[in-house]
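To keep things simple, chains are lettered A, B, C and D as they appear, and every chain counts its residues starting from 1.
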Amino acid sequence: MEDVLIVYKEKPELNDPILIEGLPGVGNVGKLAAEHLVDQLKGMKFVDIYSKYFPPQVLVDDSGIVKLVNNEMYYVKRDGVKRDLVVLIGDYQGLTPDGQYELADRILRMAKELGVEMTFTLGGYGLGKLIEQPRVLGAVTDEDLIPDMKDLGVTFSKGEPGSGIVGASGLLLGLGKVYGMRSVCLMGETSGYFVDPKAAQAVLEVLSKVLDVRLDFSDLEEKAEQIDQLTSKLKETEPQQEPRKEDLGYIG
Amino acid sequence: MEDVLIVYKEKPELNDPILIEGLPGVGNVGKLAAEHLVDQLKGMKFVDIYSKYFPPQVLVDDSGIVKLVNNEMYYVKRDGVKRDLVVLIGDYQGLTPDGQYELADRILRMAKELGVEMTFTLGGYGLGKLIEQPRVLGAVTDEDLIPDMKDLGVTFSKGEPGSGIVGASGLLLGLGKVYGMRSVCLMGETSGYFVDPKAAQAVLEVLSKVLDVRLDFSDLEEKAEQIDQLTSKLKETEPQQEPRKEDLGYIG
Amino acid sequence: MEDVLIVYKEKPELNDPILIEGLPGVGNVGKLAAEHLVDQLKGMKFVDIYSKYFPPQVLVDDSGIVKLVNNEMYYVKRDGVKRDLVVLIGDYQGLTPDGQYELADRILRMAKELGVEMTFTLGGYGLGKLIEQPRVLGAVTDEDLIPDMKDLGVTFSKGEPGSGIVGASGLLLGLGKVYGMRSVCLMGETSGYFVDPKAAQAVLEVLSKVLDVRLDFSDLEEKAEQIDQLTSKLKETEPQQEPRKEDLGYIG
Amino acid sequence: MEDVLIVYKEKPELNDPILIEGLPGVGNVGKLAAEHLVDQLKGMKFVDIYSKYFPPQVLVDDSGIVKLVNNEMYYVKRDGVKRDLVVLIGDYQGLTPDGQYELADRILRMAKELGVEMTFTLGGYGLGKLIEQPRVLGAVTDEDLIPDMKDLGVTFSKGEPGSGIVGASGLLLGLGKVYGMRSVCLMGETSGYFVDPKAAQAVLEVLSKVLDVRLDFSDLEEKAEQIDQLTSKLKETEPQQEPRKEDLGYIG
């Protein structure tokens, strides 16, 4: 079979679109943020991406219907003045390093075909400790992208993230740069212990200004509250849990 | 060498055949069930499937003769009115995720060539605890397949299996769906600690109604009794054993 | 680069040659035996086999000169009446299952080109305990090969080796059988804890009768004595060591 | 995507160039040495090597700009009499054995295109204990290279390195030898516990004589002093730390 199997439902004509990536990772920050964006902006799915670099697994929905794990792209058409959006979400990232590269390469080629020249990748920055007010850290392909991001409250901090950015959020920037594409990675600070809707909201607050969209965060706030209740219970009843080493790095 | 090496002994002409898969997995439920079916219906082997995605291993029979580990397909011709059967059994599933995909892809292509439009995959659903009366859980590619399965006693239960279906039983459904094939996965509940002929029988009781065949279960019942004796001895002499984490998921 | 890089020094014309394989494995029985055979029969190296399935490693000889790890084939020409020999030895087996298959496939193709129709693979059968008089177990591709082997003292024992034969010694038989080649695997019983020249000698005693050659075993006997001294010292000074699980299987 | 993606900035015309490799490894000896050489000789970067065999990762510099992890080559032109230099440095070695082979193969082909007939690979030889005066061990592709190296103080010692040389430093020699290229590996002795500028200096002291260049070592000496202070503090405050097994081998 093909390493990456791309099944289009539709090939949309888009106005100078921006690609936004949010795949599973630390605290599922990017995934939560991108899915929320698709929900709020009523994105239309136009392509399924299957691959032997994903797990050999189907998901089963509540009525018992299976779906092969995949990545998906949604488009959001806007008023013809604002730039259109393409949002990449999915069940998994590639399982192996070479799978990550193959998938990033294919996604960048698809993006180019759609006319994408600018990408935002969304992720979490794992701190290994609980955090009240998550900052949003930034990384870019081109220096001239920094000032605008700083104006929107994004932190560019020497030595953070110290070990670089691992996974799709990093690779789409890095490989995209080799291919001549401009990109920004937005990383919401997170403990890395739980899925983190609060970090996702922090990332989306920046992104909504970039994209000039209004987002209702009540869903994410509700989820965040549920998780806050869980974690405060944990703090009461259990000794401080030791962070696992793999939670501490950034996997975007 | 070819990634997957297919050696036909015969290319049968089949009447609207149904594919039935039973490869090793949790409790070896699918393997036991599919092998029992081949035995009872006197299936004819018509193809050997070798692959570099299987272990580099030969099995040695009681007289000392080797056989390279493989997957095999058997056909069962019926009266020309009832649909014929193709049964896939084997020593192993693919060792790696990409191997699983390559093998599933090849098997689906072979099935299509044989005229298969409907597939049943058989597996175990690991519960991590001993169980008296195993239910048979179902998952399907298409919603309209559910009512008939329910009528035959298959359980469709929200949130089960929660983590989806991993391995050949899931992939043949999921990839088959992408290729436009209809399938049902039947999963017999099992502890996952032992090979489980009782769960295999539960699965076959459903399948025998679907296929309109009569099966003699005395072999499986005998094996189940032997295992029951073993497990009751274990319960007497040893403390309750802790389930290993990997026993708890479903690997089809 | 090519997955397997074959560098011929010479392409010998051989008289109905027999292939003999002895690569590293349990107790290094096969490797010791095949290297001893090459030494004693003054085999001529005619081909180097390099591969990305071997470790990325060079060996350094006593004067400081490197050699990329590889497999090698030697030929032994005989009197024109007895069949000539091709002996395969090497530093490593393939590191991955698919690498094992690719290498076995290439070696079988090379063997066919050389006119080989009969193969002997040599290995150890790990028992997980010390053993005084190692038996030589056999496995074959074709039933009619068994009687002669039994006459030469080879044991064919129901259920041994129970888990089959893993690695090159098994794969050359199994894949060779698919390709229509006849083969015998000779396995010398060994603890699996040490390199085992005694097991290698047991295997060679059988093989020398098959090939009708005289071998001087004084080298192997000397090595065996050294190891006996080591192990008897260990038995005196240390508690019985626990066999590691991986020592118990057969890896040929 | 291509397995190895080579992006030239410039294709230099070089005078009988010598290739020098220093990639990450034990004590980062080779990397430290080669980077110091590039700094001191003001090497010009002329090619970026990206690969799916590297981690899917970007590094982020102090201002927040990303760079996809890679290997890079620099050239140093000299007076037209002395031979020019090509220096290979990078963030990572290939992650997998086959990736190591593919990368070494590509680098050797690139080197050949540039006219390289002689290679020096630089690495550390891990001893698993602290060491005051590191020796420089050598390994070569061709015996006639040894006398000159010995004259420059390189040690060729029977049985060292006992397990050969693993990784790029070994593979460029070994695979290069198969391709008919001449090479020397210089290994500075190191504990393997820390990055080791002292071992890097020892290696460069030999190499500077080979290349007839003058190098200022004050940078490396300063780094070495910092590390000496760290280690002496550790010795005071902590019990002797146990070497991890993987620190003891040589990974070049």
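As a convention for this text, a residue touches a chain if its C-beta (ideal position, glycine included) is under 8 Å from a C-beta of that chain, and two chains touch if they have at least 3 such contacts.
Quick caveat: nothing in here was measured; it's all calculated off a predicted structure.
Trainee: Only C-alpha atoms count here: how many degrees separate chain B from chain C in terms of the superposing rotation, rounded to the nearest 5?
Mentor: The superposition gives an angle of 90 degrees.
Trainee: Any idea if chain C and chain D meet via the same residues, over half in common, or different ones?
Mentor: Chain C vs chain D: different; shared/all numbers falls short of half.
Trainee: Take the average of all CA coordinates in chain A, do the same for chain D, and state the distance between these two points in whole angstrom.
Mentor: Those two chain centres are 37 Å apart.
Trainee: Between chain B and chain D, what is the gap in Å from one C-alpha centre to the other?
Mentor: Between these chains, centre-to-centre, one finds 52 Å.
Trainee: Touching two or more other chains, which residues of chain A qualify?
Mentor: none
Trainee: How about chain C: which of its residues touch chain B in the complex?
Mentor: Where chain C meets chain B, its residues are 94, 97-98, 100-102, 104-105, 138-143, 146, 156-161, 164-168, 170-171, 173-175, 177-178, 185.
Trainee: Given the complex with chain C, which residues does chain B contribute to the contact?
Mentor: 1, 5, 7, 48, 50-60, 62-69, 95, 99
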